[in-house]
Amino acid sequence: MIRVAIIGASGYTGAESIKILLQHSKAELAYLTALPEECGAVEDVFPQFKGRCNLQIEPLDLDKLAGLADVALCCLPHKVSMTFVPKLLDAGLKVIDFSADYRFKDVDIYEKYYVKHTDTENLKHAAFGLPELFRSQIKRAKLVANPGCYPTGASLAIAPLLKEGLIETDGIIVNAVTGSSGAGKNPSEKFHFPNMNENLFAYGIGTHRHMPEIEQIASDVAGKKVTVLFQPHVGPFDRGILSTIYCHPKKNLSNEQLSELYNGFYKDEPFVQIRKDAPAVKDVAGTNYCHIFVTNVKGKIVCFSAIDNLVKGASGQAIQNMNIIFGLEEVIGLR
Amino acid sequence: MIRVAIIGASGYTGAESIKILLQHSKAELAYLTALPEECGAVEDVFPQFKGRCNLQIEPLDLDKLAGLADVALCCLPHKVSMTFVPKLLDAGLKVIDFSADYRFKDVDIYEKYYVKHTDTENLKHAAFGLPELFRSQIKRAKLVANPGCYPTGASLAIAPLLKEGLIETDGIIVNAVTGSSGAGKNPSEKFHFPNMNENLFAYGIGTHRHMPEIEQIASDVAGKKVTVLFQPHVGPFDRGILSTIYCHPKKNLSNEQLSELYNGFYKDEPFVQIRKDAPAVKDVAGTNYCHIFVTNVKGKIVCFSAIDNLVKGASGQAIQNMNIIFGLEEVIGLR
Amino acid sequence: MIRVAIIGASGYTGAESIKILLQHSKAELAYLTALPEECGAVEDVFPQFKGRCNLQIEPLDLDKLAGLADVALCCLPHKVSMTFVPKLLDAGLKVIDFSADYRFKDVDIYEKYYVKHTDTENLKHAAFGLPELFRSQIKRAKLVANPGCYPTGASLAIAPLLKEGLIETDGIIVNAVTGSSGAGKNPSEKFHFPNMNENLFAYGIGTHRHMPEIEQIASDVAGKKVTVLFQPHVGPFDRGILSTIYCHPKKNLSNEQLSELYNGFYKDEPFVQIRKDAPAVKDVAGTNYCHIFVTNVKGKIVCFSAIDNLVKGASGQAIQNMNIIFGLEEVIGLR
Amino acid sequence: MIRVAIIGASGYTGAESIKILLQHSKAELAYLTALPEECGAVEDVFPQFKGRCNLQIEPLDLDKLAGLADVALCCLPHKVSMTFVPKLLDAGLKVIDFSADYRFKDVDIYEKYYVKHTDTENLKHAAFGLPELFRSQIKRAKLVANPGCYPTGASLAIAPLLKEGLIETDGIIVNAVTGSSGAGKNPSEKFHFPNMNENLFAYGIGTHRHMPEIEQIASDVAGKKVTVLFQPHVGPFDRGILSTIYCHPKKNLSNEQLSELYNGFYKDEPFVQIRKDAPAVKDVAGTNYCHIFVTNVKGKIVCFSAIDNLVKGASGQAIQNMNIIFGLEEVIGLR
């Protein structure tokens, strides 16, 4: 059994990771940590685990951690994460990091959108944890940067077109709507129920940090610089991201050709499903699946993808990465 | 035109009062105040009023107030309210107070459930602002204590039975579910969208402050002490309270007799409608109406009532009271 | 008082029209009709009007109609509408038609997206009822084609750019999300609560009938042919449409220039508000307002607009048109 | 591996059963049937299973069934169920029936609330499938009547009090609110999203078929006739039932005594958790757990229980029963 620690277990991605690991046949929860003020019995922090998990969430003790766990899911926010990850690696653990701290190969982009980077050494060796596109890197990594939720859904939707050089690499528009769990656990005015309920709005206009992340992935896949206009929105539901993506084809592709391309590209991928119609976020809620539909509309190619932002967009993908690192069957715990 | 000030205009009951007064043909918004940090143009505090209201929300200036307004809707929380109400009265204004501070005739009950009372003098002269039951007092009042949302819905539902002495006066059970706007505008963990959405739970078990308020109204109507077990819940919707009330009849009453009783009792009341089937909260959302249905079930009388907690349960009722005080037609602005 | 008939009063746009007209100081509900199986007292068809409206919804009697009403709001579906409108006009009434039957100047486009047109005579004289863009035509019209909900929100958002020739006229992308009331009152699998709740999905991919309607309006405004890729989605809320529109500027425009352009273009329009930040659908829910924000993002101009699909997108706009036709102040009943 | 057939697999309880069985380590989906017009690939009927389940839903073929399956989950509606169950039993299968057809020991009560019973022979031998109260019967049963959703939540909440004779056996009030998935998959006016959303209402007043079912269970546990006033409501969420139950204690019991009683009664039950505070429906959504809290309020005992109506209230409990019948660990597939 792989022994798993969750660092920063008191938030939504922590809870989702606990939920998945409770059903994992080859891994077990070994150690859960959080800030002192957020500690306590798992069942007190998350009533949904009463009777299902008897662990405590404790303040992090690195010595204890080293003896208890083989791998750490690091669910800390950016900036905080890179102060802990080096210590986790030094303690001999494999690390799957949920923050943005190890996602950007170009540290300048990271520093433009986030903060000054304080662990560029480990950054060099981090794998980008989107298995469908970068599996071989992940296999041999000690540190995996788990992708952002939006970049996961958007990148999977356009990768086949970019890989084959079939669309223009500038002018891609990614219009996405996320459920509210993406906002995290801390109450705020925007996500106060009487505001968020029955509501829908755009945010992060021109400035969202997932824009350069999508561009990095897309550029990697295309083998050349790709620019993306990414516009996120948030809607009144818990889980899911629906991305609607508008691309300019370089030459005409029939819907049959598109379907063949996508089915071929993802034919061995258990978690990517090519649909014959538009996916709904509820089709993937609570699962690690990404549903994709692609079609021609008025001279453009429009791609639709749906994922659960907390699963394929966070905890599920992290455990998929963990399975890869440890040589397990990739789908364990995620079906 | 009656000139209306709203004291504490930056919250949900403030917004609802503004909305109603913008449509009122005999009253006008004259002065809006809030805590300094919540001030600004109405359209900045509440984007829904952009182009509809050009006023500023300003810190309270009592001298200015005295010159500008005839009546104050005081939307402050309990305890704060009773520090301002005496000043508003001294400034010559009529006051309709939304807090609990002037609702309890027995100061001991108030102090048991809230805090020490610091304005017992004005408390003596306050009218209880539930027009359907206490209209004559309201007509001649300078200070009206606007009722709580739960007490409004529950009391209207059982008043005819209590007035006629047809039910036992102990053992009444009021089971109610409110929408989330009842929680007010401040973000909190319970009302964070990812928690409140798809959820329903009980709260205030045995301790909710509206329990003694319902008992006071019920006792007034019955002419004897009434005890009530009140259990509130909150559900994933914005507006509305559905009360389901279980009473023991002293003697058998047919459904026809119940229907006659209720239709007779409320026959001149514009805002109380006796239904022939169970009311839904959506039937009254955004209105000042209370829909009631009453029927026999297995030896008990079960009463159902639906109101909008922000309208009949707060701002609408306040303006109904204002109309009464100023001798206007009671329904103006509220149809 | 203008006497208003509603033809097809039993659906959502009928209810919304009734609601608005109950508050209209210069118009009154005179006659309500529906299919025989949907008739009955208004309060039985719509419990929310109990005590507020004592009218009956009756099967249509043209003779009776002619004597009772000055104007008909015709809330029938397309194809049905054009069988009734000629009779309503013959009876001497002004008509505001909610269907698509009189919206398309090019009957071929209508027939491609809908059915064979059977009243091309009246089609010639119909005004397109988007007051902010076509007010002068509406003023002198006997028959007004009330626009679709999506076209209203989308067209208002891009009209200033098109009018001034500042954007490319092909390649405009309109990505929109509507609330579920747009689906109408008839139950269906997609809008069954357990399916629609917590869900979001695209529909009408490449085929939605509002696409040519947006193109017609845009072309009229631009004075040349405009092509639009319109992609609608539906989300789990009752009311509202948020349109996010991506345009290619012909030359650089600063955000200040955009703001000036829009504020100037709509400076006399009571129902269009130019925001300094992204509008939310809840800001306009229940109102006749359209909130617009426009900004530069990565070389494109992105426009956001929010309307209530049942008000500015249907019944509110119809009554705005009615006010114009009868020479009333345009905002009556709609503030 | 236990081979499981699902009869009537095209509805919500069918889908939930499929979902659970896909994760069950000792059972496998063997045969799925539905009405001819609802058949097809599982992934076409339920897009959420695309890539997860390659089975077809087929019209029932009894011969085929007999060769393929050891147990049938019969998800048919009442009346239909009792025409199939005898055949399933004759084919040598164990049967867990989701309908009401085999729940009532007193056939007169069944026939009063439902229809004429046509299989009283098998009725005699059916076990009532609420494991926490009737496990020993279930162990040796060939036919298990899976309980209704409301009766599951309500009965577990009051069983300890009834078993120990601590409350009055008449006058128990069960006030419950269910999520909308309880309505099943067929669209209807009440559950049309624009009606159900933002709504809450009572239904089945005095007539709900789960009332006699709760009374039967309660009477069994108490060893004497128990009468219950059961009032269901439906709210705007997908999953969950919150029951709030008001009982009259025969003598005073402290909260400590109540807590001890409940913790003792359920100490070996994996799926019943005694809370120290009020449970929320979201705490149990998607799980087979029942969370209970019990406390004194004003001389009454108030019990709160939360379950997921589709899991502990239907498919999860059915699989719990299946595990019992086949001598498996009871929690397999349900953690």
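When the chains are written out, they are named A, B, C and D in that same order, and each has its own residue count from 1.
By our rule, contacts are C-beta pairs under 8 Å (C-beta built on N, C-alpha and C of every residue); 3 or more make two chains touch, one makes a residue touch a chain.
Since this is a predicted model, take the numbers as computed values, not measurements.
Trainee: Which chains lie in contact with each of chain A and chain B?
Mentor: Intersection of chain A and chain B contact lists gives C, D.
Trainee: Please identify the chain with the largest separation between its CA centroid and the CA centroid of chain C.
Mentor: D
Trainee: Taking the mean of the C-alpha atoms as each chain's centre, how many Å separate chain A from chain D?
Mentor: 36
Trainee: Calculate how many whole Å lie between the centre of chain A and the centre of chain C, each centre taken as the average of the chain's C-alpha atoms.
Mentor: Each chain reduced to its C-alpha mean, chain A and chain C end up 40 Å apart.
Trainee: Could you tell me which residues belong to chain B and also touch two or more other chains?
Mentor: In chain B, residues 197-198, 236-238, 279-280, 282, 285 touch at least two other chains, as defined above.
Trainee: In the complex of these two chains, what residues of chain D are touching chain B?
Mentor: 173, 175, 177, 179, 195, 197-203, 205-206, 227, 229, 231, 233, 235-240, 242, 244, 246, 278-282, 285, 295-298, 300, 302, 304
Trainee: Please name which positions on chain B make contact with chain C in the complex.
Mentor: Against chain C, the touching part of chain B is residues 22-23, 25, 47-48, 50-52, 198, 270-271, 273, 275, 279-280, 282-287, 289, 291, 335.
Trainee: What residues on chain D touch chain C, complex-wise?
Mentor: 12, 180-181, 183, 185-189, 191-194, 196-198, 236-238
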